[in-house]
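Next up, some structures in structure tokens.
In the two complexes below, chain A is the common chain; its partner is chain B in one and chain C in the other.
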Partner chain A sequence: MIGASISRWTMTYFAAALAWLFVALFMMVVGVGYPTADIASPDTLVLVHVTCIGWLSLAMCGALFQFVPVLVAKPLFAEKWALPALALLSVGLLSLLGGFLSLDGRLPTAFWSLPLGAVLLVAGFGLVVVDLGLTAWLRPTGPARFVLVGLACLGVTVVFGSFFAFALSGWAGSFGDTVLASGIPLHAIAGLGGWLTLTAMGVSYRLLAMFMLAPDVDDRQSRVTLAMGAMAVTFAVAGGALAIGLAAGLPIVLSIAALLGLVCAGLYGRDVAGIFRNRKRRQLELNMRMATLSFASLAGAALLGVALVFFDGFTPHVGAFAFLAVFGWLSGLVLAKLYKIVAFLTWLETYGPVMGRAPTPRVQDLVAENRATKWFVVYYAAVWLGTVALLAGEPTAFRVAAAAMTVGVVGIVHEIVRIRRLCDVASPLRLPAGAVPPHLLFARN
Partner chain B sequence: MTDYIDVDVRPILRAGGEPFSVIMSALQGLEPGQGLRLYATFKPIPLFAVMEKKGFAHAEQALGGGEWEVLFTPGEPRPEEVAAAGSSFDNWPAPAVTLDNRDLDPPEPMIRILAEADKLGPGETLSAFLRREPVFLFPQLEKRGFRWLGGFTPEGATYELTVRAPS
Partner chain C sequence: MTGELVGRVRDALRVVIDPELGENIVDLGFVYDIAVEAGAVRITMTATTPGCPATGFLREGAQAAASAVPGVVFADVTMTFDPAWTPDLIEPSIKASLGFAAVN
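And now, the complex of A and B:
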């Protein structure tokens, strides 16, 4: 069949991802991990992996299971792998977190926990990469190419991570120890820069064009953006690995990669500005207005990075930089797009079967944007305050900001649940004859 | 070594015509074991599924300037599917309705197509112009038993879709 049906487990991934986001917010509010603890402490490792695997990666995988088939107009290679992959990723993450906590004796020492977590995560992400990769490969144009590069970066990230897990358990020999000693920046760059950022960019090209009724970005133009991003990550990872092997030159390699990354971010900004300029839908929906705050956060993170390097403060303030990139740019974008994606998929699932046969509501009838706007504003303002608090070295102010972020996210999630339950659709349009209300946690496709 | 019959539908497409009937009649003229070499001004992705159902594998190659050469090679015949596909894809009548949905906000184009499609008589067709490939529409059409054909016009800005009601 040609075309894209509704992905059955995307809502399940979103729900699991949001649950992990609450875990991460709770940790920041009560002061577990950075900045209360050292940035390399086991507590911080738990916080970072809850955020990057639990929240961002699961949300991204859920979105990709739906949107890669849209990008290539072909069904998923194997829809039935999605749920086992989610189970493997969830159990793998729990095992990994248990392993981190046993590093400083918070849990009974369990040397097998980290490697077991790594193996399960490799299996889970392996299913995702093969499934999405084989699907995207069918028509590797424009955005689908970003996804392919992102998936390759996910593979690299997971390989590095597995090395660390085995090395921390003392099972990887002296080579593993060397990789562990200096490879962490490469793991982070491949994960945040390659997998999450490049994939988010690729998906955003299509989502922005689709929801704003704009022509797609010219393939040649987006190809240059992708090439810069891919070169930045490749240079950082391959050059960095070589530098570690030679025990010299890592800062130079990372500086060049950062420059390439800046060029990529600049080109992406140009591409996105073009989509906004050429849109036919003049009135911007909430998800677009909020996405602009994410783009501002990405630009802010880039400027902050440059400023920190210029004033020789990057290493002590890397936490603030990463926080702004992860919560301002990536998490903000994912939350804004979740708001629209859930509304669109819920609308399609509920009203698709009766469309044209009975009057149906518009997608916008499912959302209450005025109510939702304030929660997004609270969230972004809190993220920016939190960044300032980290830069100023004020852990208490940071915890207050994290509490405000939690308030914003609770509000946003409440709105998303209302969308899924069709709470804001007035009768009699709400359920015309033949329409079935959707399940909260999965789609009946 | 498969022997291929050449079918060049580029002139028809450039003139704004519908090449499907030409392709289908060339297909009916093939000897057993013969393949089809198609020249088109866009990659005819919707045709791939149709040809697959008729038992032809495809291999496409970009010729530059947006033009494509596609080799359809016969594989193992699947008699029952060939018959089913043959009866439903041949001799499509001229569209009973033509919709220009290019300036509608999504998902309005999809709603209009489904509403109009439901009004078609048995075997009738409708044609619609769209801005993008309606990927979410296809499963809905399939569930309702409609067949469709579609592709981007040569300049790439318009997607032309033809939908046929079950007969």
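And now, the complex of A and C:
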């Protein structure tokens, strides 16, 4: 196949994801959920799932619908599944959140809400996993292999989550209560470590190499990195499930999984450093410069995790660790890459069809990096301050940091909307004869 | 006459740019061959990434640009990734402005 087609609904996924990110930021600013509430409270469950399903998973799915065909140079298995999947995920998430809110009486008791949400999320993620999995399976090498493992981890995460949803509704018996009491770390590791982190790693290998014109990371080398990550998640989930069944040994299992995860992060750092070192384009665009702050956040999260374990403080500070991983590493990387992907796809939609018939601008003509830089800097600085505030047990300072994060994200989203509207492209290149301006929320193809 | 048409086709292809690198496909060295026979033009070209959505637009853009050249009755564009494109193929004057490393 010469050139993947433009994914029609990727922008829709991105828009929905950003809307959920604003919900999460609003909750943190006004003090709903951790650290104002207990880390296991229903409010925190809402915050965590708004962030991990609404924001990160929707953004990742949207990116993968465009990106997996590029990875394997084959068309998507079923393009038409993308929109129904988004609808199922959105309604499923709303139902799940309603169920969480009914746990402490904020909403009228509705025992059906959690299982219904779980069923809808299983259906939505099921469509995503089958569609992307069957596409990636056509050429399961390099980054596509990371995506396949990530999708498998998504399946595990959703199965655990569904089990919890039924258990919280009292429909899973005493066995369900036992799993619910001990199994949440396994759910979180499969989701954050397996699905989101391993997939982000795989996608980043190809995106970094493609946009910096660097040679791809040697397949054997990245396979070792992936093997370590996959072993970490497998050990945590399978070993953890066994430990829960035997009612013993879970901390030891999780410690070994953490060590494997650390090795994976270290190898990934080596691989990424190699891509930067061997790049042919020496000048780094904004998205690459900002991605380095995400890599720094991943390294920071790894070091923080080690330090907390060493000083016996991991359990009380697990929130700070997760916050840095989720908002510094994953969210920072997604925001930086959104800035680039939206510009690139907008260029393709608008100017690709008229190429050869009229002069066209460059992708870089769609962005105003000097103006956008400050919003990314505000965002990352706020995330790091928020991490410190959580470690210091200062909820008010954390809310101030969350407000600063919101300012940064508003600025970044404003820049992305300007890209989509071609605001920074100078005439007469802005709309050559025959070019059609893109729709804000979907591709017209 | 044939050589002149090849030159005009080559000039016409300069309206097609690689959106990422921002330079035209001729100066970037994407165009491997232009063959003309009785007004039929056959272009063999490449791109940086096979699966990239821009690759199809580059091919269609080259075909549209070549077809518009007076004297061309038919234009066909073949994409190839063998040999793979390298920055060595970029015109030296363009290469420096793109910020490519001297070692590469």
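Note that in this section the second predicted complex is superposed on the first by the 442 of 445 C-alpha atoms of A that agree within 3 Å, B and C clash if a C-alpha of one lies under 4 Å from a C-alpha of the other, contacts with A are read in each partner's own complex, and residues count from 1 in each chain.
Quick note on the criterion: a contact is a pair of C-beta atoms (placed from the backbone, for glycine too) under 8 Å apart; a residue touches a chain by one contact, two chains touch by 3 or more.
Note that the structure is a prediction, hence the values are computed from the model and not measured.
Q: Chain B versus chain C on the shared chain A, clash or fit?
A: clash
Q: Does chain B (first) or chain C (second) touch A:Gly352, or do both, or does neither?
A: A:Gly352 sits against chain B and chain C alike.
Q: According to the contact criterion defined above, which of chain B and chain C contacts more residues of chain A?
A: Per-residue touch count on chain A favours C.
Q: Is A:Phe235 touching anything from chain B or chain C once the two structures are fitted on A? First, second, both or neither.
A: Touch partners of A:Phe235: none, neither chain B nor chain C.
Q: Quick check for you: in the superposed arrangement, does A:Thr360 touch first (chain B), second (chain C), both or neither?
A: Once the two structures are laid over each other on A, A:Thr360 reaches both partners.
Q: Applying the document's definition of touch, where does A:Phe65 land relative to chain B and chain C: first, second, both, or neither?
A: Neither partner.
Q: Can A:Ser5 be said to touch chain B (first), chain C (second), both, or neither?
A: It touches chain B and chain C both.
Q: Identify the partner contact of A:Trp384: answer first if only chain B is touched, second if only chain C is, both if each is, neither if none is.
A: neither
Q: Quick one: classify A:Tyr268 as touching chain B (first), chain C (second), both or neither.
A: A:Tyr268 sits against neither chain B nor chain C.
Q: So, does A:Met210 touch the first partner chain B, the second partner chain C, both, or neither?
A: both
Q: Tell me which stretch of chain B runs into chain C once the two are superposed: 9-17, 81-89 or 153-161.
A: 153-161
Q: Touching chain B in one complex and chain C in the other: list those residues of chain A.
A: 1-6, 69-70, 73, 210-211, 213, 280-281, 347-348, 352-353, 355-357, 360, 363
Q: Would you tell me which residues of chain C are touching chain A in their complex?
A: Of all residues in chain C, those touching chain A are 15-17, 19-22, 48-66, 68, 79, 87, 98-101, 104.
Q: Would you tell me which residues of chain A are touching chain C in their complex?
A: The touching residues are 1-6, 66, 69-73, 210-211, 213, 279-283, 344-345, 347-348, 351-353, 355-360, 362-365.
Q: Within the complex, which stretch of chain A touches chain B?
A: Answer in residue numbers: 1-6, 69-70, 73, 210-211, 213, 215, 280-281, 347-348, 352-353, 355-357, 360, 363.
Q: Along chain B, where are the residues that touch chain A in the complex?
A: The contact residues of chain B facing chain A are 45-46, 49, 103, 105-107, 110-118, 131-133, 135-140, 142-143, 157.
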